[in-house]
Amino acid sequence: MMICVIMGSESDVKIAEKAVNVLKEFGVEFEVRVASAHRTPEFVEEIVKNSKVEVFIAIAGLAAHLPGVVASLTTKPVIAVPVNAKLNGLDALLSAVQMPPGIPVACVGVDRGENAAILALEILALKDENVAKKLEEYREKMKKKVYASDEKVREMFK
Amino acid sequence: MMICVIMGSESDVKIAEKAVNVLKEFGVEFEVRVASAHRTPEFVEEIVKNSKVEVFIAIAGLAAHLPGVVASLTTKPVIAVPVNAKLNGLDALLSAVQMPPGIPVACVGVDRGENAAILALEILALKDENVAKKLEEYREKMKKKVYASDEKVREMFK
Amino acid sequence: MMICVIMGSESDVKIAEKAVNVLKEFGVEFEVRVASAHRTPEFVEEIVKNSKVEVFIAIAGLAAHLPGVVASLTTKPVIAVPVNAKLNGLDALLSAVQMPPGIPVACVGVDRGENAAILALEILALKDENVAKKLEEYREKMKKKVYASDEKVREMFK
Amino acid sequence: MMICVIMGSESDVKIAEKAVNVLKEFGVEFEVRVASAHRTPEFVEEIVKNSKVEVFIAIAGLAAHLPGVVASLTTKPVIAVPVNAKLNGLDALLSAVQMPPGIPVACVGVDRGENAAILALEILALKDENVAKKLEEYREKMKKKVYASDEKVREMFK
Amino acid sequence: MMICVIMGSESDVKIAEKAVNVLKEFGVEFEVRVASAHRTPEFVEEIVKNSKVEVFIAIAGLAAHLPGVVASLTTKPVIAVPVNAKLNGLDALLSAVQMPPGIPVACVGVDRGENAAILALEILALKDENVAKKLEEYREKMKKKVYASDEKVREMFK
Amino acid sequence: MMICVIMGSESDVKIAEKAVNVLKEFGVEFEVRVASAHRTPEFVEEIVKNSKVEVFIAIAGLAAHLPGVVASLTTKPVIAVPVNAKLNGLDALLSAVQMPPGIPVACVGVDRGENAAILALEILALKDENVAKKLEEYREKMKKKVYASDEKVREMFK
Amino acid sequence: MMICVIMGSESDVKIAEKAVNVLKEFGVEFEVRVASAHRTPEFVEEIVKNSKVEVFIAIAGLAAHLPGVVASLTTKPVIAVPVNAKLNGLDALLSAVQMPPGIPVACVGVDRGENAAILALEILALKDENVAKKLEEYREKMKKKVYASDEKVREMFK
Amino acid sequence: MMICVIMGSESDVKIAEKAVNVLKEFGVEFEVRVASAHRTPEFVEEIVKNSKVEVFIAIAGLAAHLPGVVASLTTKPVIAVPVNAKLNGLDALLSAVQMPPGIPVACVGVDRGENAAILALEILALKDENVAKKLEEYREKMKKKVYASDEKVREMFK
């Protein structure tokens, strides 16, 4: 198990899915958990402390404390995905990113589950050449999609 | 001990002082603690779980998780004071007030330590007539200050 | 009668219902009122001054003055629920929470009627052991829901 | 007495002075009062209900309810001046301007006491030709100041 | 003709209608115009300078310059209605309300056409007792609606 | 080829279309490209460095870096169109407009593709009298539309 | 005369100076004017309509209408510099950039007078090879400053 | 060389110092560079492409494109530190964190250079047990500081 995707509420499952789809594509082992920082603090503690993963991806909306709580329980890298539940996600973004000195969280954009996964893979790639190679391929695929879009749009407006 | 004033960092001490000054004026027993939700999660847990107080006042800036973490550990009322450390305190305000369903926090205004104390006293007053009476007197004193300001300002602009 | 749920306009009724559902579940006596701080200031005064409740829950959108007006008329705890009517509810949040020194309001998150009810119950629980016990049970139920979500989601992504 | 300048706290006196200076320049009768919507609601009511003025200028910061409270007590025009006390005055601006249907407030810019006075004079000018004439002269004076600035700045950068 | 309702674009017509409905109810003479501050500056000038109305209501979204442009052309009171076209109307609100010293605009809430009309009527009422009386009646009607809502909601939650 | 319309993602194509429609109406030669500043930095470089156009229109949402990246590669004028993808487009607006000293970008409003085109044409008009003349005609047409709206709305509310 | 730098108030002179310093360095002819969109609308009209310049740079704070008003009077490119006078300049930024369809303004960052000048020069460079060449040199100079900073900072942290 | 700290401008040096102090304390090899994404795009490319580091820390204010530009040139993890230069750093935060799908950046809080360093160390610790151990010690030291603050503050308010 390399990565733990943890979300504060079942309602965040669509954002988690974006991360999971990328992780599956890379063939990296992961687990997906639901645990609320506020409703089940001990459960979060249990999951984090017993986990053997290398990286945590914590997904939460509103006063998005889950990433910070996970970070307070481990020195493994914790990636935060703020979710738009109210206020366009500005509440979750600020709650996730504005961590105090000493306990950082690696925040990605609002609802950006896929980017959390890629960031986790970039971290894993530092000691797994296979992942590193796949990341390069992933970028190549993205480039090709952009080139295809370019051709399509040029055609469209000719 | 009736009230626990807890702050996330020593740098919040001036906001705590605003609360303490009110509590002293009312002669209510209180304790003041420093414990960081992120740097010392077990210490926060220890303080909250062992505490016999009726109300918590939790003071924090930035991604102000302390009030929410305290609230996750007790069913006693938790009052949040968001502190202006960055972004005019908007980060702390949203981090404190936007709690998920089930675990409320009673948020007062940015840097409003004195109001947290008064709110705590209003809660205590429900079972302590002495506090209730003092709250009425406190309001009377505030009124008199407003009347005095009114006289002074009317004079100033005559 | 222990709790008064008061809203500024009939259009806030869905947010009030969230509070009412919790209060009913706890079997605590409450009343629900509509009174506008701006259109019917005397009516608000009449309701608040004649009320024998322990806690007020004031629900309002836009320039959400109702919680502050209620607070100006009583030293009982007043819980504010800012409602998203415009600007994602940021106007109501700031209008409710940023009270001046001396007259606090206990603000919960935007549209968070259920949390206002739980906070009110936490306050009542200080002198009603029955409510205190039910709050613990309520938390347990929430925890079980999170555990169930966790199982469901783990299954989903296996 | 034509105009009542009312502020929520003595600390708003510098913003009130900006209004007063304009009113003095126009020779219009006015009074200046301090009364807090939250600390002294009855006092605000007393002042507004007994007042014979034509226009109210209400100055307040934070959760700036004073203008709305005054407006709830009279059908005379009420001009709001939101004051920058926290959050750059965004809290006061939204609290003042976002009034519900039926009870409008005429909001001017943050800390713009002078503009509240001019707006009040524009209203009075509808039935006082003398004020109307002075408003035209006031505009002329402003124009001349702009022309003078223009000359000065052109010289500066020649 | 007492009031000119002017909007920057035909797309603002629904907000104008809210104002018109109130003005019709009061039987006050008004005209409704479309003129863009940016696309037709001379047309705005022509309308404002030739107008004999007592009060202008200027409705605009985005960089809502129309109210300010109207105010620059007259010393009659100008009421601004910021419209939500982008950014929840925050752009229009700030563009309308933050006028420089000397040229005020009386801003009401976002999309609040009805309040602009009532504010205009409050201004007219200073020299028209008939309008003043109708404003009192209008308030009474609003109060009765609130009382009716109160009864309905109390019944609903009994 | 006079103008290059470049967008960061195919999903911005509707905003690009607004620009294209104006450019077509003016009969100015243009090309439309898709190239991502982040996914295909070399492709952006290739397009910009090989381009012979006079003006770039760069369209992007989120952390809208594309306009700035284009500007870093040319001293030709670069017009930015921030797109509303999240946070009402505030993220894209600030990412586009807040360029550091030395490398300006000419930012238009959120989703305002048509205005980017007109601005580009205003720039081209400085050396192409034909475009200048058409811009005057375009303004005349806009004026006529406003006059027509005015007539229609006046009729509507008569 | 190639460029007109126009500001809404003498208080914006420091931002204008940033633009002027760049224009002087490039040896391009310019004039600097003060004219308020609200206090002196005819004066703005007179300046703009009589001007023979190629590009306008309009500098304004608060409800920064000046750029839009200038743009409504000419089809020459108008560059807006929003000034931080209140609300961190967010009011001026939104007032300047969010122009309606048909009348664009080229907005640069808050207080970025120097960037307005460079953007104006980029526009002039389209028909003046001398300016184009100087722009390239200006970029080279900036690059060298960055290289020098890099050396200095590398040394500092060795 | 394990970590490259890169900043967009020499003016960000104080934020870089916060990172450097942590890195020195951990005895990890690092380099500090200045390179502007907009003024020196090729230089950024040169630095990033030739670098053998494991993690990049990119520090920038305003339209903070540097982190995203670095991320576009490498699949190594890139940590962004948004700097408060204008708008309280909200512009830099949104420009850094709101990256498009596929190219993530790991954003920490505004001006939080020290947290960027700790996050980088957490990443390195995944393959360097020595760093992992030091991170645990660092946390212990932080805890002791909190305990010391707690004692001090308890004494202060006894």
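A, B, C, D, E, F, G and H label the chains in the order they appear, each numbered from 1.
We take it that a residue touches a chain if its C-beta (ideal position, glycine included) is under 8 Å from a C-beta of that chain, and two chains touch if they have at least 3 such contacts.
As the structure is a computational prediction, the values presented were derived from the model and not from experiment.
Enquirer: What's the minimum number of touch steps needed to get from chain A to chain H?
Expert: Between chain A and chain H, the shortest chain-hopping route counts 1.
Enquirer: Determine, among B-D, F-G or E-F, the equivalent of interface A-H; equivalence here requires over half of the contact pairs to be the same by residue number.
Expert: Match found for A-H within B-D, F-G or E-F: F-G.
Enquirer: For chain B versus chain C, what separation do you get between their C-alpha means, in angstrom?
Expert: Each chain reduced to its C-alpha mean, chain B and chain C end up 19 Å apart.
Enquirer: Chain D to chain F: how many Å between their CA centres?
Expert: Computed value for the inter-centroid distance: 41 Å.
Enquirer: Using Cα averages as centroids, what's the distance between chain C and chain D in whole Å?
Expert: About 34 Å, centre to centre.
Enquirer: Among all residues of chain B, which ones touch two or more of the remaining chains?
Expert: Residues 9, 36, 39, 62-63, 86-88, 90, 97-99, 102-103, 109-110, 139, 142.
Enquirer: Pull out all the chain pairs that touch, please.
Expert: Result for touching pairs of chains: A-B, A-C, A-F, A-H, B-C, B-D, B-H, C-D, C-E, D-E, D-G, E-F, E-G, F-G, F-H, G-H.
Enquirer: Mind pulling up the chain C residues that touch chain D in the complex?
Expert: Touching chain D from chain C are residues 8-9, 36-39, 41, 45, 61-63, 65, 68-69, 71-73, 86-87, 90-92, 94-100, 102-103.
Enquirer: With touch defined as at the start, can you tell me which chain D residues reach chain G in the complex?
Expert: For this pair, the touching residues of chain D are 84, 88-90, 109-111, 139, 142-143, 145-147, 149-150, 152-154, 156-157.
Enquirer: Write out the stretch or stretches of chain G touching chain D in their complex.
Expert: On the chain G side, the touching residues are 5, 7, 9-10, 13, 16, 20, 31-36, 39-40, 43, 62-63, 86-88.
Enquirer: Which bits of chain C are touching chain B when the two form their complex?
Expert: Listed in rising order, the residues of chain C that touch chain B are 54-55, 75-77, 79, 93, 97-99, 101-110, 112, 114-116, 118-119, 122-127, 132, 135-136, 138-139, 142.
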